[in-house]
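Two complexes follow with chain A in common, the first pairing it with chain B and the second with chain C.
Up next, the complex of A and B:
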């Protein structure tokens, strides 16, 4: 694992990096997660995207890391971390994302969490979504996103 | 590219992995008279611009499979001459100087930071697509 981590850090070719990340997915333990997590902070969009895809493939292994990620001081990391909940068990994803939304001040992070809840959220998210819509009433996209999310979660829209 | 100059005929491709964002942009732009098509990442967007004519593409940065920067670099590479000058509006959550600089280098004509209000979106789309407000 340390050798793979070092090689990944030095690898400049995207396809080779992706292959290394695939190897980490196959290993699939906490050490794999710890190797992949720093790439969420990469300056390169393609590296961030590859790390997200790799981490999404390990929903059980990523679970213990979710709370620190969703409370990270960097809003870009919190935003990307919401994507990692997409493949988690629905009730756990809903709990994590609602906790985030309740105290999150950055509209883009809330928007990302709402996007994931729209797909995987359970009805327990509805009160949190309503409060979010009211809190960000001056940011038109958020009330719009909340209305769609609530409709889909409630089954009013397919 | 379509040789049109009115929103009623101008055609916009919205590229974003968020269905909520795509729906929000589509709603605002259709109300303003634009025809809107959608793609969920750079690969799907490239397939669309090579098979249909557009007046403008709106593209996100962080997307799975192919990010917005890679899409723009490919678009501007000249590999497909017909689409290499297609105007591109990049809209992202990334607000750092480095991302904005990378957007310019990749070929974005303008860069906005999310969240973007409907009126601001429509105004920038009109300017970049060369249609009257």
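Up next, the complex of A and C:
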């Protein structure tokens, strides 16, 4: 694993980087996650996207890393981490994203979390979403996103 | 999967919001997209799957689907797609092959050189035979190159049927009487067997798209038809399949996918190529760091 991590860090050819990331997905353990996580902070969008895609393919292995990621000091990392919840089990994804939304100040991070909840959220998310809508009343796109999410989760028209 | 409850009268109410949620998931997961006008079609199949899985609500079914319990995604896709395979299916891609792709491929080849085409998965052979027929009927340069067509599938029973080349009327519904008359002969049961020369011209082999070791024996293809299979794979398998397909293509070679699939969602390795008849994906001529 250390050898693969070093090789990935040095590899300039996208096709080979892809293969290395696929190998990490196939290994699929905590060590794979630890190799992939630093790429969430890459300055290159394509590298960040590749890391997200690879990490999303490992919903069980990523679970223990989610809380630290969703509490990271960098709002970009928190925003990307919300996407990792998308393939997780619905109740766990809902719990993690609601915890984030309850204390998150950055509207874009909240919006990203709401977008994921729109697809995977369970009814337990509804109170958190209501509070989020009230808290960000002055940021119109957020109450709008919340209303969509709530209607999809509850199965009722907004 | 126990489908014993399929067709029962048990009915589950599904709201428009739930259908929307389902459609967004389906699109993200498979690339399949349905317009609002297809609402009845979606509702019916969704209700069938909810009933077949014994789910008591949309919510329960959706959780099961997301977790892909008992390979529910495969069952769902099967219920939404036409599994039937027949000659000249997705004809626009065959037309694209002879009007655009082969011209681009052979401009770098000398007359007499080999042109390799791969149909994977080939199921019971309709696709590789369609490729051969289409080339003979529509490509004036067909005799100028040594064309190798390989049909591969993971299912050895399907491969045996492909090698036999016997088909019913439904499989031939898109072919003209003239073509049927020239390339098929009658066999028992009102079926038709494809001409022996054509049967012998195609090599049928077993292959597993996500077995990298298995795939190393398939190299240097100029054109691959890989239709309606990647949508069944999970993310990790799809990545692996895309990488294996990349390695099987010559640099500059093309791959044709099914109409709801997109290689750009699967792998950044390929370049999108838009032609008048179809959108296909190309392995770049060279890897650039």
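General observations
Simple rule for what comes next: the second predicted complex is superposed on the first by the 156 of 158 C-alpha atoms of A that agree within 3 Å, B and C clash if a C-alpha of one lies under 4 Å from a C-alpha of the other, contacts with A are read in each partner's own complex, and residues count from 1 in each chain.
Operating definition for what follows: a residue touches a chain if its C-beta (ideal position, glycine included) is under 8 Å from a C-beta of that chain, and two chains touch if they have at least 3 such contacts.
These numbers come from a predicted model, not from an experiment.
Applying the stated contact rule after C-alpha superposition, one finds that A:25 touches chain C and leaves chain B untouched. Using the contact criterion defined above for the overlaid structures, shared-chain residue A:9 touches neither chain B nor chain C, since it reaches no partner.
When the two structures are aligned on the shared chain, A:111 is found in touch with chain B, with no touch to chain C. By the touch criterion defined above, A:45 lies against chain B but remains apart from chain C after alignment on the C-alpha atoms of chain A.
Contact with chain B, but none with chain C, is seen for A:80 once the two complexes are overlaid on the shared chain.
Touch criterion met: A:53 reaches chain B and chain C at once. Look at A:134: by the touch rule set out above, it reaches neither chain B nor chain C. Common to the chain B and chain C interfaces on chain A are residues 46, 53, 118.
On chain B, the positions that touch chain A within their shared complex are 18-21, 23-24, 27, 61-65, 67-70, 93-94, 98-99, 102, 114-118. The touching residues of chain A, when paired with chain C in their complex, are 12-16, 18-19, 21-22, 25-26, 28, 46, 50, 53, 56-57, 87, 89-90, 118-120, 122, 151-152, 154-158.
The touching residues of chain C, when paired with chain A in their complex, are 15-18, 20-21, 24-25, 28, 58-59, 63, 66-67, 234-236, 239-240, 243, 246, 267-269, 287-289. If you check the complex, the residues on chain A that touch chain B are 43, 45-46, 48-49, 52-53, 76, 79-80, 107-108, 111-112, 114-115, 118, 139-142, 144-145, 148-149.
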